[in-house]
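These are the structures in question, set out in turn.
There are two complexes below, and they share chain A, which is joined by chain B in the first and by chain C in the second.
Take a look at the complex of A and B:
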């Protein structure tokens, strides 16, 4: 193990320990907020994987986040107390009553035209499974079509952007099944066995923090595998990788799907802590905001993007407490973003990497010439 | 049916109005300007402010908005975009930041609202523009009711498109722009001052967006966030039409406008927009270079 890599893993470990210690110092209100930001950190990981490592700038990551969120939210909606009080012995979401077909029975099967789609969601684990399956399925279908046709760069971004806006409009239009603009609110709690994850208790925080740690480390391991290295080769020069005989679309689709799965998982966790799902998850600005987090943290660093997302949201939350400053903060974010793109294209993580490299190089003067060559190649690879 | 087609045509002309500037900046300079929608917004605010403070109408606002947004565009090109040529996706991200800055500048009244100073016509609220009497009401042509303001929009779009075509294909500066579209390095080698032409192109594209904003202000409420959906629409038009092709943008704006109008007449506005997005996705997948792509060299 090279010393850079050792430092790298030490930083990852430090981060995991840090987020595990948060409940010792925070009250439940802040714990819930930080849990949300950790979820955004997970989105940062998803963006870094597809943008930094696969070279696919996905301007529609919100599609996968939203899909995951809605799938679990449908199950949790059926688990909420109000859904059981709608005059049927089995749960029916309250908004369906307001949109009911004239003369329809108050049953999930037929109360509105497409309400039967909700039937399997009476099982929470069906919703949970769909929260992973649906984003992956969408990513694979899009990936196979788009990457097989060798569409790349900005065109993929536009396709994803149009797709997320299309789905958002359809969701809004399908009011009787999705509650349209209002989204799904008044949800029940997520349950494992008999344990209920109230969003304001410490175990829920650990559910989120633990999930984030697992995803973070898994993503880090994944990019060190052979597939991960080939993927980075594809990002750097697609044609060369193709000439070398690699099935480029397969690698791109695989990592696109992994990124989608992470985003979908993040969507589900977000529903658990925030107790709602809404079409705003599929707004253009949300999808671009995720990219902003990753860019500020460092698009080519899994942990950097994750920390970028958490840090920006933490600072926003603190700053927005001051009345009237929230809008100014938005302007500052805009400014930071312009400056990062112009002067710090590798983000905070890139800056940190350079600092670490310098320290390491100073500590081991004998090895430095070799190290410098190694640095240069690894920078080229980035 | 004639009325539906007319509405489609006017929707298409609005799309074209927004897309025209983008077609030039994206096609010629390889810059995805996400702040383009904010130029539209600034143009709309110029109409609001000139109406409030100078007492002038929408006709005066057109040249005024063009000048203001062109200068703003020139400024953005100098400060931000110039440093990012050749980094397409980075231009998208940086101009997104610029877009937020412009929005917040309007919302916070250039920061003056912190000091308790308020400028009438700015701020986070909604603004309205009164349209001169001449442009109100409807015309009766061939048994159909034709909205006068929509007719005005179609005319302005036609004039601007012709002007852009003339500039691009019948002047020396336009020839230089087209040379840069084809091959910037070769153009530079032939003695074209690429930096200068790019800056002016960007300013012109921004100015067109400003005029689009004036036209928008006549039939839509004006507010700081109004530009974001427009840049998306404009961008779809450009990509579908084919980068660097003026004709492509004109036709794809017309097609998307008509699709939007016809589907909306049959169902509702939300589904119509969804169908438009679907069509754009299908066309990018089938013809990634757009309907009328230039042959690259």
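Take a look at the complex of A and C:
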């Protein structure tokens, strides 16, 4: 392992330890907030993987986040206490009663037109599994069509942007099954065995922080595999890769799907800590915000994009709550973005990399240009 | 007679009325080094595009040994055993020289087969690094190579990929004389191990490597033969070389 690489892994380890220590200094309110930011950090990872490594700028990542969120939220909605108080033995979401067909039975099977879709979600793990399967399925279908047709660059961005808005519209329109604009609120708690993850307790924080650590390290390992290297080759020169015998769309689709799975997982975790799912997850502004996080953190770095997301959210939370900045905080975030794009095109991670390279170069004399020149001149003198 | 490695039978493509390649038939023997000559617009690069799948033909067939590979997708043709070097050198610019070759060394091209770590073909990569003279640059990022070195790296990618047939589109374009000479050494080194088809304009280079030459003119085969045959062929002189011959 080269020393740069060792430092790289040390920084990853440092980050994991750091987020594990947060509960020692934070109260439950802040802990819940940080947990949300960690979820956004996971979204940063998803964006870095597809944008930074696969070269696919997805302006509709919110689609996968929203899909994951809704899948788990449906299960948690059925698990909530109010769903059992609607006059049936089995759970029925309250909003379905308000949207019920005249004279329909208060049963999940038939209370509204498509309410039967909710039936399997009575199992929390079905919702959980779907939260991963649905985003992956969507990514694979879109990927196979788009990448096989060799659509690339800005066109993929526009297709995804249109797609997320379309799905958002459908979700809002399908009020009897999705509760439309209001989204799914008043959810039960996520359970593993008999343990309930109240969003304001420390174990819930560790559920999020642990998940983020696993995803972070897994994503880092993934880009180090042969497939990850080949993916970067594909991003560099699709044609060259194709003429070396690589099925380019398969690689793009695979990593697009992994990115979707991570976003879907993040969506589920967000539901666990925030106790709601809403069509705002599929707002255009949210998907674009994710891209900004990754750009600021450094899209070519998994950890950079993750830290970028967490840092921007921390800053905007602090700034927006500081009197005097309450009106101007969005401008401040915008300013940070502009400055980073202008002066740090590879984001915070790029800056960190350059600094590390400089330190390493100073420690190992061979790599130092200054010493090399010195060697050359002394050789000339001889 | 040696076995035919590549058989092209009446191949043609019609770009909305313009026939860039029009009924070309060629048989390239196993282990042969064939040079394609022709003026600009003669259809040399288009012919390579048709063989490697970049352009879909509208008539004719291409056989690799006994397999009909006409109009397959590029990556399938590549896997069947045809490698190609482009006129504008294309390598993986953000990866190091070694990484470039490692990617090319990957025998199993599927995504799931490549979820492991490390490229096993280290010996092969080292050998190719020596052959193309980039051993000292192995850890440099390809973007920082000179033009000539980039061309050699792309040749290296092909050698590592180890296809049965190598298509080289102007491998010496933009090179200095010394670089051109080195390229001819690399290409001569591959002779016998691979079947090679070269498109080239540089006559000094062609003389150094050529056995048989096929001259294309307006999308059709005009003549075929050894360097001397071609130099003395009056039709070729008229169509391509002018009255002065090869100089």
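We take it that the second predicted complex is superposed on the first by the 362 of 382 C-alpha atoms of A that agree within 3 Å, B and C clash if a C-alpha of one lies under 4 Å from a C-alpha of the other, contacts with A are read in each partner's own complex, and residues count from 1 in each chain.
FYI, contacts are C-beta pairs under 8 Å (C-beta built on N, C-alpha and C of every residue); 3 or more make two chains touch, one makes a residue touch a chain.
Computed from a predicted structure; not experimentally measured.
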> On chain A, do chain B and chain C fit together or clash when superposed?
Replying inline: fit
>> Which partner chains sit in contact with A:232 here, chain B, chain C, both or neither? Use first/second/both/neither.
In response: second
> Of chain B and chain C, which one contacts the greater number of residues in chain A?
Replying inline: B
>> After the superposition on A, what does A:224 contact: first (chain B), second (chain C), both or neither?
In response: second
>> Quick check on the superposed pair: does A:251 touch chain B, chain C, both, or neither? Answer first, second, both or neither.
In response: second
>> Under the stated touch criterion, which partner chain does A:242 make contact with: chain B (first), chain C (second), both, or neither?
In response: second
>> For A:313 in the superposed arrangement: first (chain B), second (chain C), both or neither?
In response: neither
> Now for A:83: first (chain B), second (chain C), both, or neither, which partner does it touch?
Replying inline: neither
> Where does A:179 make contact in the superposed view: on chain B (first), on chain C (second), on both, or on neither?
Replying inline: neither
>> For the superposed arrangement, I'd like the angle with vertex at the C-alpha centre of chain A and ends at chain B and chain C, nearest 10 degrees.
In response: 80
>> What does the superposition give for the shortest Cα distance from chain B to chain C, in Å?
In response: 13
> Which part of chain B faces chain A closely enough to touch in the complex?
Replying inline: 32, 80, 83-84, 88-90, 92-94, 96-101, 104-105, 107-108, 111, 114, 124, 228-229, 232, 235-236, 239, 268, 270-271, 273-274, 277-278, 280-281, 284-285, 288
> Which residues of chain A touch chain C in the complex?
Replying inline: 222, 224-227, 229-230, 232-233, 235-237, 239-248, 250-251, 254
> Where on chain C does chain A make contact in their complex?
Replying inline: 52, 74-75, 78-79, 83-84, 86, 90-95, 99-100, 102-104, 106, 109-112, 114-119, 154, 157, 161
> Considering the complex alone, what residue numbers of chain A touch chain B?
Replying inline: 57, 145-146, 149, 151, 153-155, 157-159, 161-163, 165-166, 169-170, 172-173, 284-285, 288, 291-292, 295, 324, 327-328, 330-331, 333-338, 341-342, 345
